[in-house]
Amino acid sequence: MAVTSARQLDAAALRAQFPIFEQAGGARRLAYLDSSNSSQKPRAVLDAMQTFYETSYANVHRGVYELADRAAAAFEDSREKVRAFVNAGSQREIIYTRNATEALNLVAYAWGLENLGPGDVALVTELEHHSNFVPWQLIAERTGATFAAIPIEGGNHELDLSKLDEIAKRGQIKVLAVGLVNNSLGVVNPVSELAAWAHEQGAICVVDACQAAPHRPIDVQTLGADFVAFTGHKMLGPTGIGVLWGRQELLQSMQPFNVGGGQIRHVSLEKTTWNDLPHKFEAGTPPIVEAIGLGAAIDYLNEVGLESIEDHEVEITEYALGRLGEIFGLTIFGPPLERRGGIISFDLDGVHPHDVAQILGNEGVAVRAGHHCTQPLMKRLGVAATTRASFYLYTLPEEIDRLVDGLHRAKKVFA
Amino acid sequence: MAVTSARQLDAAALRAQFPIFEQAGGARRLAYLDSSNSSQKPRAVLDAMQTFYETSYANVHRGVYELADRAAAAFEDSREKVRAFVNAGSQREIIYTRNATEALNLVAYAWGLENLGPGDVALVTELEHHSNFVPWQLIAERTGATFAAIPIEGGNHELDLSKLDEIAKRGQIKVLAVGLVNNSLGVVNPVSELAAWAHEQGAICVVDACQAAPHRPIDVQTLGADFVAFTGHKMLGPTGIGVLWGRQELLQSMQPFNVGGGQIRHVSLEKTTWNDLPHKFEAGTPPIVEAIGLGAAIDYLNEVGLESIEDHEVEITEYALGRLGEIFGLTIFGPPLERRGGIISFDLDGVHPHDVAQILGNEGVAVRAGHHCTQPLMKRLGVAATTRASFYLYTLPEEIDRLVDGLHRAKKVFA
Amino acid sequence: MAFDEMYREVILDHYKNPRGHGVIEGADAEADGQNPLCGDEVSIYVQFGADNETIEDVKFRGRGCAISQAATSMLTEMVTGRKATAIAEMPRDELLEEVGIPLSPVRLKCALLGLGVLKVALHRAKGTPLPEEWAGMDELKLT
Amino acid sequence: MAFDEMYREVILDHYKNPRGHGVIEGADAEADGQNPLCGDEVSIYVQFGADNETIEDVKFRGRGCAISQAATSMLTEMVTGRKATAIAEMPRDELLEEVGIPLSPVRLKCALLGLGVLKVALHRAKGTPLPEEWAGMDELKLT
């Protein structure tokens, strides 16, 4: 494990700040190993939203009375927190969406419909979540562009970068959509390298940071990408909000996506003009209170420290890789610890993932079974589904032990 | 006022259930007359969301552990509440969106891109909110269709239906987008009549019910429209959620809008197929907790009774029309009480609406000044903006009195 | 719920030794279906009797969890010898009773996958109805 | 905030008797701007002196609230006789101090509308910069 100067976090103490873990809920405590699906929320986030509704709620950008002022100020405050969180150059580059999926669709529609055409290539990877795969497939189809995916190599299921040159021959690569950390196997992609390559091709690089933003520091200015998307509910925040960061020049040159509401400068029957960034891309009433919650989540993450969170997850993942490795008949997918997020997908010989997850679930161990919205990857792995355990700042080693116990149980049932 | 059998609501008692009104907030109590912009929330709604986060939070549709089951059941329960609320034939016709604006864009993109072309007419009205106006303007431009608007007549600012025949000559009318209740003047449109006319033309009818759903019963099966959109935050619910109801046949025949996440059935590099309704139109993690909140809001509205709410608003509006009518130099826009929602827009001679609203705001009376996202209507009225007061179930006559006092004050300042 | 309640002996038996497993070449009716949530797959093949209505033979192929595969296996036993029209109307509870374990909404979809695919197969061959009650199943993409 | 603090005498005076109100035909620089939130409009016309740099005359036309119109009226007094480059760099606080009332973020946009439009006019005529600080103002659609 890398030696860093981050102070070590106390997962058990943090856990006490998450109301969901307080429940009696029968005899067993909850072992929540599904954080890459969605995270639980600390009390600070829930309280921030509740208090806002109780004391400062109004629509934003529109009123001149005190509540409206307060609401607008808090809303824009949250945007500043998001800006700082990813070190964006300006708040105007931070766009609130419904979730990460909408953020990625926004780019595909608003940038893609205007910039793709026959002879162009929209390139994704076999590691992409459907939300960073299908939008480009759809827009490529609409515009006549070619759709392609960077394949993985067999061993560690990492991207096979040796195929890039070959892919570049298929046409003018115009966009590369790639995830920072893959959500089903935990593969960490070399995004800066890929972004540089994309730029050499004359392409933009759209990064899906859903599985990175909650877990490790992100700096959009050094990352080298043109768009970065992530989602509130995976990073201790509420549902109903996602974030798109984009380079100002690009956002400015683009047509809007959804239109209406405060997204507009001037409307007439003949012509409509758009509001400034970021509002140009935020049509209708934004997720106001969700933004307040996301801001509180970012405060919380900053207080714990992203480096500390990353270190903790590395530690837990290392422990889990070790303990799972002891189980006979269990195959772990994906790369070694050094190039892996806090996610482990595996196959238990003779037991379908759904059954594994069910037996674990019956024991109070929450994991996910399925294709994890990465069907092209599953196909490459030759499986219909995997069982996946994923970790966060509140994950305890004893939860890993319970996972392992449950897996032994599953083996016994299906023996 | 119409005599109905609805039991009368006690606005002062209801008000006690809204935490925002409890604040000391200086010497003055809040007179919140901006509910058509966004409504305040009862404790029951806030508690439902908080409790859900604390006891049942997980992503939906994906896990087999207990929390996930509970979350999914609660989420689909909320959909059933929405279905019953508008009397839709099936839950599959209820699609959760980010807000009403996205719901309307969804129809414009997913239906409009495929079904509009040169020679076709996308028809809106001069009373439309930008969110039901600009999406059709944009898609008409993209597809080469003609864009037109039903004008208003001068007197009461209601739609001038005598112009329909003339408009029908401009091309094949393919879609009519119209609001049930206009948000800036409170005009109630004859939507059933217009939907019937649209169908005679071979057009679909898209109804913006944002200002109706919170205030009066809606039955999509008798309304005669093909799509109906509304938004959570105006009907006691949270921000971050909107609803689109659509006829199943139409929804089924349409391409999706946003793609990715649980919206998909099967993905491969070659081809992607879509999930069943309503999921086909719900890409990515939905506004889960917002749906729980909206369900609680609907429970609350049902308990108070939509008829009672409507009656109360008629009463308040009648009182307000009377008292505002006493003010010399004040002009009220819009139709008489019988064809008006709980919304009054007016002009105070010699005082700009922004200044009116500011002076009122300084007195603790929250109203909105501006174009209310209806710039084409403002242009027709020959004003840049109006001052608007809007009412809801918690509005008290004494708030109207304070509005009137504030207006006298504004006149004095600008005398 | 205790795990042994769910994975009771009969389920595990059908899962490990599926009845009616296989393919009928040139079947009178067939369909494939997938559960989009987990990727479970079932293909069903039906052979009618001389009356061209009675299900004489039914086989399935698939991959998926114990619940989906065992339920489909049980289904093949239940429907053999019955008329297509009867099966089209067969309420899902009839199968669920046979399966006989408490199921959450997600697992319900597993248990009902085979029946859905069978109804689609009959629908294609015989035009039998696909009742609304089969939430989701009537849009199975037939590949 | 008491209302009289906001609508103090000098604001009302500039609102009711705007200085520099009018149009300069064939102006050396001009621009129109709108506050998308409330529809307030301001058009500004600038005439340079013999050096083609000093603002010799500036007039405006507009409709809007007391704050936006009074602030623009005050602005015309402040900028006359100064160089285009100086005005391009004029910090917004200089104007806000003159306006001299506490403003919420929404009302701030009212107060700064005229200055934004003026900077756009100078930018078009002289290529002077539009600093980032002018959040929103640098994208004013020029009609």
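Going in written order, the chains are labelled A, B, C and D, and every chain counts its residues from 1.
Rule of thumb we're sticking to: contacts are C-beta pairs under 8 Å (C-beta built on N, C-alpha and C of every residue); 3 or more make two chains touch, one makes a residue touch a chain.
Predicted model only: the values in this text are computed from it and were never measured.
Colleague: Applying the document's contact definition, name the chain pair with more C-beta pairs in contact, A-C or A-D.
Modeller: If we tally the contacting C-beta pairs, A-C comes out ahead.
Colleague: Cα centroid separation between chain C and chain D, in whole Å?
Modeller: 74
Colleague: So, what's the distance in Å between the C-alpha centres of chain D and chain B?
Modeller: 36
Colleague: Can you work out the whole-Å distance between the CA centroids of chain A and chain D?
Modeller: About 44 Å separates the centre of chain A from that of chain D.
Colleague: Which positions in chain C touch two or more other chains at once?
Modeller: Where chain C meets two or more other chains at a single residue, that happens at 37, 107.
Colleague: Residue numbers in chain B touching 2 or more other chains?
Modeller: Touching at least two other chains: 62-64, 68, 262, 264, 266, 354, 358, 369-370, 375.
Colleague: Classify the chain contact graph as line, ring, star, complete or other.
Modeller: Looks like something else, not a line, ring, star or complete graph.
Colleague: Judged by the touch rule stated earlier, which pairs of chains are there in contact?
Modeller: Those chain pairs which touch are A-B, A-C, A-D, B-C, B-D.
Colleague: In their complex, what parts of chain A are in touch with chain B?
Modeller: Touch residues, chain A against chain B: 19-20, 22-23, 30, 32, 34, 37-38, 40-41, 46, 49-50, 53-55, 57-59, 62-68, 97-102, 104-105, 109, 129-135, 137-138, 147-149, 231, 233, 238-242, 257-264, 266-269, 272, 283-290, 354, 357-358, 360-361, 364-370, 373, 375-376, 379.
Colleague: Considering only the defined contacts, which chain C positions touch chain B in the complex?
Modeller: 34, 36-37, 104-107, 132, 135-136, 139, 141
Colleague: Going by the contact rule at the top, pick out the chain C residues touching chain A in the complex.
Modeller: Touching chain A from chain C are residues 1-4, 6-7, 12, 37-41, 63-68, 107, 110.
Colleague: List the residues on chain B that touch chain C in their complex, please.
Modeller: The touching residues are 61-64, 68-69, 72-73, 76, 90, 92, 252, 262, 264-266, 273, 275-277.
Colleague: Can you list the chain B residues touching chain D in their complex?
Modeller: Going through chain B, the ones touching chain D are 352-355, 358-359, 362-363, 369-371, 375, 378, 384-385, 409, 413-414.
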